[in-house]
Structure formats: structure tokens, C-alpha cells
Amino acid sequence: MVTAIVLINAQREKINSIGEQISGFGGVTEVFSVSGRFDLVVLIRLKELNGLSQLMTEKISNIEGIIRTESMVTFKLISKHDIAAMFDLGS
Amino acid sequence: MVTAIVLINAQREKINSIGEQISGFGGVTEVFSVSGRFDLVVLIRLKELNGLSQLMTEKISNIEGIIRTESMVTFKLISKHDIAAMFDLGS
Amino acid sequence: MVTAIVLINAQREKINSIGEQISGFGGVTEVFSVSGRFDLVVLIRLKELNGLSQLMTEKISNIEGIIRTESMVTFKLISKHDIAAMFDLGS
Amino acid sequence: MVTAIVLINAQREKINSIGEQISGFGGVTEVFSVSGRFDLVVLIRLKELNGLSQLMTEKISNIEGIIRTESMVTFKLISKHDIAAMFDLGS
Amino acid sequence: MVTAIVLINAQREKINSIGEQISGFGGVTEVFSVSGRFDLVVLIRLKELNGLSQLMTEKISNIEGIIRTESMVTFKLISKHDIAAMFDLGS
Amino acid sequence: MVTAIVLINAQREKINSIGEQISGFGGVTEVFSVSGRFDLVVLIRLKELNGLSQLMTEKISNIEGIIRTESMVTFKLISKHDIAAMFDLGS
Amino acid sequence: MVTAIVLINAQREKINSIGEQISGFGGVTEVFSVSGRFDLVVLIRLKELNGLSQLMTEKISNIEGIIRTESMVTFKLISKHDIAAMFDLGS
Amino acid sequence: MVTAIVLINAQREKINSIGEQISGFGGVTEVFSVSGRFDLVVLIRLKELNGLSQLMTEKISNIEGIIRTESMVTFKLISKHDIAAMFDLGS
Amino acid sequence: MVTAIVLINAQREKINSIGEQISGFGGVTEVFSVSGRFDLVVLIRLKELNGLSQLMTEKISNIEGIIRTESMVTFKLISKHDIAAMFDLGS
Amino acid sequence: MVTAIVLINAQREKINSIGEQISGFGGVTEVFSVSGRFDLVVLIRLKELNGLSQLMTEKISNIEGIIRTESMVTFKLISKHDIAAMFDLGS
């Protein structure tokens, strides 16, 4: 399982329509418009890194009106159980 | 429902432990270590903006080793149905 | 109650007219032209986060001539009474 | 009347106490902790630029734990009436 | 008395003519072309903050070819006499 | 005649005293504390570039508490007369 | 197969020893000291994204003296054959 | 032997075709599309610095659609053997 | 004698021809195309600051295709003899 | 022949002594203290890229007080003769 997060800046008047186009791509689980310096945040969950490559280089990169993307591949889901494990070694 | 995304840079050797601490706070649904310029991405879902305020200003801000946070409050979840609706006005 | 502050950079010759358009939107309490790196600062006070979303993604984002916005949702109004409270625990 | 807005980045664990100290200074009308890249936003309204100078260079600059400030002096309050006036010249 | 300093980046081929236009505005005491990251530095001395507002939002903002301005309102003129005063309290 | 402008960021609590020290150096005509991203702006007028070198590399660089300086050597004083000259070639 | 490239800034005097430590980790194929804004560039080739996660969050993140890392996961190896293929569809 | 690494930002819709063009140039060993702030990373290995100059200033600089390049010439390949050598002085 | 160094970013396809134009101006001793974030570095040696002003504001600023210049006036040539002098005071 | 230019930011009070140390290294032809955002500019001319590597990774990187270096390897010396050549093909 590969999870990725993409921060997007887009042309002001196209933010909503770009968000909708991206939300229709396979593997995209959520698209948010957000406060702050970025316009959209996209959450992606796919079976393989390969699918992510395709999504980024063939689909998202072809949408008109996107100015800048900054994608992050998640290395590790940090869960609460990791803490529990730290205190629970010998029991 | 309020959703927020927080980008975090932390002291190198504390990234994992900071991630674990944050994952234990109420409202935090996922904490990822990520590729790129940031070290951690935190997803938060809470009932009210108030809870988010508390999480940010009383809990996350007190963790040692965090260098920089950039939080984004989501304005809108853009769903695939919005596109459907565009083509489905009169049916 | 949700308070937001928006920093705006706009095309030089449209700064005043953009400011006037924004000042006419519901929820916008003050629009200032300012010294420094930004051109306009907008203060917004609304009942719900929902209204803010609409203002940002449907109204402000459609004004022509805006180059960049950086919006901040306020987490907490810090008042002088908080200090008083600190010294007044037992009385 | 002089209005100023100050964006502040502070040491993580001192954000709340710095906010409270600033909120106690004369001329400071509101201090917010905010989402995004900055930690605090301060609104100041004073009779003269002189008072603002004192506040910035003698009071705020002496608070411990502030990393960076970016102050903006407002040039002009843009009001809705300006639009009205544009369409109402001859009536 | 209000003193302001404005850093300007302009379209390469218009730097000189923009400088000349600005030097003709009331309140502008000096305009320099400079080495470094900025193209022009403007010194302004006016009786009131109001005049500065007008100069910035109605005059300089309407000149064609300006890409970016960063204006600074001076808080305080620091003079040599302040030091003298420090060592000269009782004499 | 060489004119230079220096933008300075300094440790918060030392801004005033640094400004006073600099104002005492030969060739320094004005030191301002300012709004915005910088803390101090220094105006320097000297007979030769040599004097400026000394001021920057032997005096200002030795003051404690300065974090960052960005100096600009002025290339040209743009005056109102330049415009007059443009329209006055043949008269 | 996962390929990653990591740009590193490190404490000046530790660049060489950090480079050597990283070159000893499994999956690291090359470590270069480079001209420009970064100090080291690391090339990594691993069977799975999982291994990369471990390398980044458990090994590289624990080396002392690293100031900043910016890692990039490669989406796609673009080869010359792709061009050939474009002109060779029907043959 | 000269090794260079080039980080490229390109117009969104031309990233793939730019990558393919570059991969066809002599001396280019690999072109990757990548996650993060950059779009393409190019690895170059050539016999002489001269060849690199030609590749950068006559070939890559002429491709349409490239927005920004940041090239790094590698100073030194840091190998595992350097560590071995450190512990193997006297044997 | 005034020495200046100018860092230039230019439109990709015009870098060579801009370099050649600049190399033809009086006072320009060397023009290099370089690795890294900048495209060209220009070395200038002139008798007076006046000549530099002319070169920057009347010649280089009029070349088409230059995006950004960052010029540096050298304050001081630091030579090896300065060290020698330190150890050679009394001999 | 390899030419390199290095931009350096250093601790304020050590700029001169760092400049002098660097000026003593083989291959360093000039060290300037400069106006603007950087503190020192170093010009290096060496027979081989190898020597540059050594200078950067073993000598300059070991000097105390250097905060940041940005080195540029020159690709090509652009000379006036290149223009002449353009107009002189057939004569």
C-alpha cells in the first residue's frame, strides 16, 4: 500500500474545477481546498508505487491551470500502538 | 466536522517519537513520516474548530523537538459527486 | 464564531478595486491596504467555518487580479484576562 | 488613528504566554493564535504613529521567545461605501 | 513627520523611467537605483501617514512596470544623541 | 560621493542599542527602526567607496547581536530634473 | 524496484564523515559531495518502498550533524526507448 | 570522469516529453520524474567538464518548456572503502 | 578601482547570446555560464563607481531576456599578504 | 582549466579572518568582501576538477565560522570573440 499527499497551487478561478477533476481519478481518496499558502491538498492511496507514478505523471500533470505541485510519498504510518509497544516489552 | 492537515519539521533524531506522541492525541487520525521537505504530516478530524485550537495551541505546541509547523484548516471536501452534479442538472 | 485573516497580493493597479469588492462580501469586517510585502489584509468574522469556506472558495477566489492569498484561521483569541486568571487561582 | 497588524513567530512552548503579555499592552486590541506559517497575529489601534513605534521598539521587542516579527502599518481602510460612491456621483 | 522607505523591483527596461516618475511625486525626497536584489530604493518624508497612504495606493501603485514593492514605515529615528544621553544623565 | 543603504536584522532585545552604536559611526547619516521584515535601515553617505568598505567590514560587522545585513550601494540618484531634460532638448 | 534521491545539508566539518556513514547503509548505491546549495546527494535503489522508509526514518535520520534532508522518490525512469516508441508505432 | 546531477522544473504538460528529449543526449545516463518540489532529476556522466558545459549550455538550455534548472557538479564520490580505510591503517 | 560581480538569471534559450552581449561592454572582464541556481556570472572592473552605474542601469538593464540580476559591489580584496602582515609586525 | 566561484555567508565577526584563510589556499585567485546578501565571494582557478573537490571538501569546509557556501563551477567562458565569429563565418 502506497499513500501520498500532494500540495497544489492553482490558478485562482480554476481551483474548484481542478479539485473535482482530481477527485475523479482512481486512487484519489480525498481532495480538500485549504487555508494557508496552498490551494488544494490531495490524499492518494494506491496498491503500488507504479500506480502513483502514472497518476502523477500522466493524469494530474495534464490538468490545465495547475501552477505548482509538491508531492510527498509517505514512508511510514506512525500509530499509537508504537508507543504502547515501547512500554510493553516484557509483559 | 473540522479537518486539518499539519506539516511538521522536527529535530532529526526525534521525528519518530514526536510522531508517536502526536498520534496519541484525540482527534488525530493519522501521522505519516514523508519524503520531501517536511518530516511529518498529521491528519486531524474533530467535531469543532475549538477542539482543533486546543490540539494545536496546548498539545502539539508543547512537544519538544518540533522546529516548525504549518497547519491548514480544510475549507471544503471536494467530491466526485460535484462533477456528476454538473452534468446532471435537468435529469 | 470563526475569525480569519487573509493576506493578499494583487496586481498593482487593481489593489483598490479588489479591496472594495472584498469589503462588500458578507462576513468581511475590514479590508486594509498595508505597508510591507503584502498589498491587502482582510479581517473576516463569521458564525461557522462553512461560511468561511464559501467566502474563500466561491467569492474571493473568483475576483480577477488576485495573485496570491494566504489565509489564516484563528485558533484562539488570547485576552488579558488569561493573565489575570494565572495569578488569581486561589482567591 | 493608526492601525497595525503584526505577524509573529515564537518559540513553540511560549506562544500562549507571549500572546498574553502582548494582549496586556496599551493599544493592542486583539491577539490571535492562528493556523498556517505564523503563530500569532496582533491587531493594534493607536492614536498616533508615535505610540506604535514605542509599542514595537520598546515593548514587543523586549518579550523573550519571539523569533521573528513582520509588522504592517495600514495605509487605508477600504470600506463598502467606496463602491457606493463610485455609482452615486451625480444623484 | 512620517518617513518611509520603499524597495522596488521593476521590469528591467523601465527602471529608469519608473524612478523618474516616482521622483516627481510630492513627498518623495530621493530615488536611487541600487546594487543587489532590488532595483530602486525610494525615500519618502511626509507630514502625515495619510499622505503616505495616498502616495502608495493611488500614485506609486498606478505606475506601469512595477513588479513588486516592499514599503517600510520608519518607527523611530535613532540618533547619536541617544547614546550621549545614556552617559550624561546627571551632569 | 557614495551612498549606501543597509537593511539589518538583529536580536530583538538589542535592536535599539545596535541602532545607537551604528548611528555613531562616521558617514552614517540616519538609522531608522522600521515596520516590516527588517529591523533597522541605515543610510550612509561617504566620499569614497573605500570608506564604505571600512565601515561595513571593520565597524558594522563587529557589532554584537546583528543576525543579517543586506547592503545596497546606490548606482544613481534619479532626480526630477531628468524628466524635465527629456522634454527640453531643443529649447 | 524503488529509486530515491536525497539532497542533504550538513554541518560543514562533518560532511565527509556523514557521507561515509550513509554510503555504508544497505541500498545506498552512491553518495556524492556536490557544488551548489546542497552538500551531499545520495542515490538509493531498493526492492521495496518499505526498505526506503526504514533507511530514511531509522538510519539516515539518526546520523548526527545533518541539518536538512530533502528526499525524492522517483516515479518513473524515462528512457530513450520511449522516444523510439513514439516514432515506431506501426512498423 | 565528471558526474553531474540536474534538478529541473518544467511546464506541467511537457514534463514527459522534456524528459525523453534529455534522455537522448550523449552523457545522460538516467532521467527520473520525481516526487517533491522538482519535476525531473537528470544524472550525467561524462569524460570531461567540457562535455558537460556543452550539454548544459547548448543542448538542455535549448529545450522548450523548461522553467528552471539547478545543476550540481559532483566533487567527490564518497565510497564505503573510505570507512574501511579509517579502521585499517596499521594492518 | 571598483570591482563588481553580477549573478544573472535569463531566459533559457537566450543565455549564450546575453552572455556575449554583456562580454562586449567596456569594463566587463569575464562572463561565465555556471552550474547551480544562476545562469551567468559577470566580473566587472572599472575605474569609478560611476562607470558601474552606467553599465548596470543603461547597458545591462536594456538587454532583452534577462529575468533577474543580483549585483554585488566588492568592498575589499582580501589578499594573502594580510595574513603575512599579521605575523610580521616587528621584523 | 577549471574556474569556480563560491558565495559565502559567515559569522559576522569572522568574515575578515575567514577571507584571509581562504586566500591562502592554492588555486584561490581572489577573495572579496561584498555588498548584498552574501559576505564573501571567492574566485578559484585550478588545473583539474579534482583539485577543486579537495579545496571545497577538505579545506574550505573545515574553516570555522562559515555558515553557508554556494559554489558554482563555470561551464564556459563567454568571450567577445564569439560575437565576432557570428558575423564572420564566410570571410
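We just call them A, B, C, D, E, F, G, H, I and J in the order they show up, numbering each chain from 1.
Criterion: contacts are C-beta pairs under 8 Å (C-beta built on N, C-alpha and C of every residue); 3 or more make two chains touch, one makes a residue touch a chain.
Please read these numbers as outputs of a predicted model, since none were measured by experiment.
Trainee: By label order, what chains touch subunit D and subunit H together?
Mentor: Touching subunit D as well as subunit H, we find A, B.
Trainee: Counting a repeat as over half of the contact pairs in common, which of E-F, H-I or B-H repeats E-I?
Mentor: Within E-F, H-I or B-H, the interface duplicating E-I belongs to H-I.
Trainee: Compute the rotation angle for the C-alpha superposition of subunit B onto subunit H, expressed as a multiple of 5 degrees.
Mentor: Superposing subunit B on subunit H takes a rotation of 180 degrees, nearest 5.
Trainee: Measuring from the mean C-alpha position of subunit A to the mean C-alpha position of subunit D, what distance in angstrom results?
Mentor: It comes to 35 Å between the two C-alpha centres.
Trainee: Between subunit A and subunit G, what's the gap in Å when you average each chain's C-alpha atoms?
Mentor: Chain centroid spacing, subunit A to subunit G, equals 21 Å.
Trainee: What is the distance in Å between the mean C-alpha positions of subunit B and subunit E?
Mentor: Going by mean C-alpha positions, subunit B sits 42 Å from subunit E.
Trainee: Centroid of subunit A to centroid of subunit B, CA atoms only: how many Å?
Mentor: 12
Trainee: Could you say which residues in subunit F touch two or more other chains, in rising order?
Mentor: Within subunit F, residues 16, 33, 35-37, 53, 56-57, 70-73, 75-76 contact more than one other chain.
Trainee: For this structure, give each pair of chains that are touching.
Mentor: Taking the chains two at a time, the touching pairs are A-B, A-C, A-D, A-G, A-H, B-C, B-D, B-G, B-H, C-D, C-E, C-F, D-E, D-F, E-F, E-I, E-J, F-I, F-J, G-H, G-I, G-J, H-I, H-J, I-J.
Trainee: Write out the stretch or stretches of subunit G touching subunit I in their complex.
Mentor: Within the complex, subunit G touches subunit I at residues 35-37.
Trainee: Over in the complex, which subunit B residues touch subunit A? Could you list them?
Mentor: 3, 5, 16, 19-24, 30-38, 40-41, 43, 70-80, 82-83, 86
Trainee: List the residues on subunit H that touch subunit A in their complex, please.
Mentor: Checking each residue of subunit H against subunit A gives 12-13, 15-16, 33, 35-37.
Trainee: Where on subunit H is subunit I touching in the complex?
Mentor: 4, 53, 56-58, 61-64, 66, 69-73
Trainee: Show which residues of subunit D lie in contact with subunit E when the two form their complex.
Mentor: That would be residues 2, 49, 52-53, 56-57, 73, 75-76 of subunit D.
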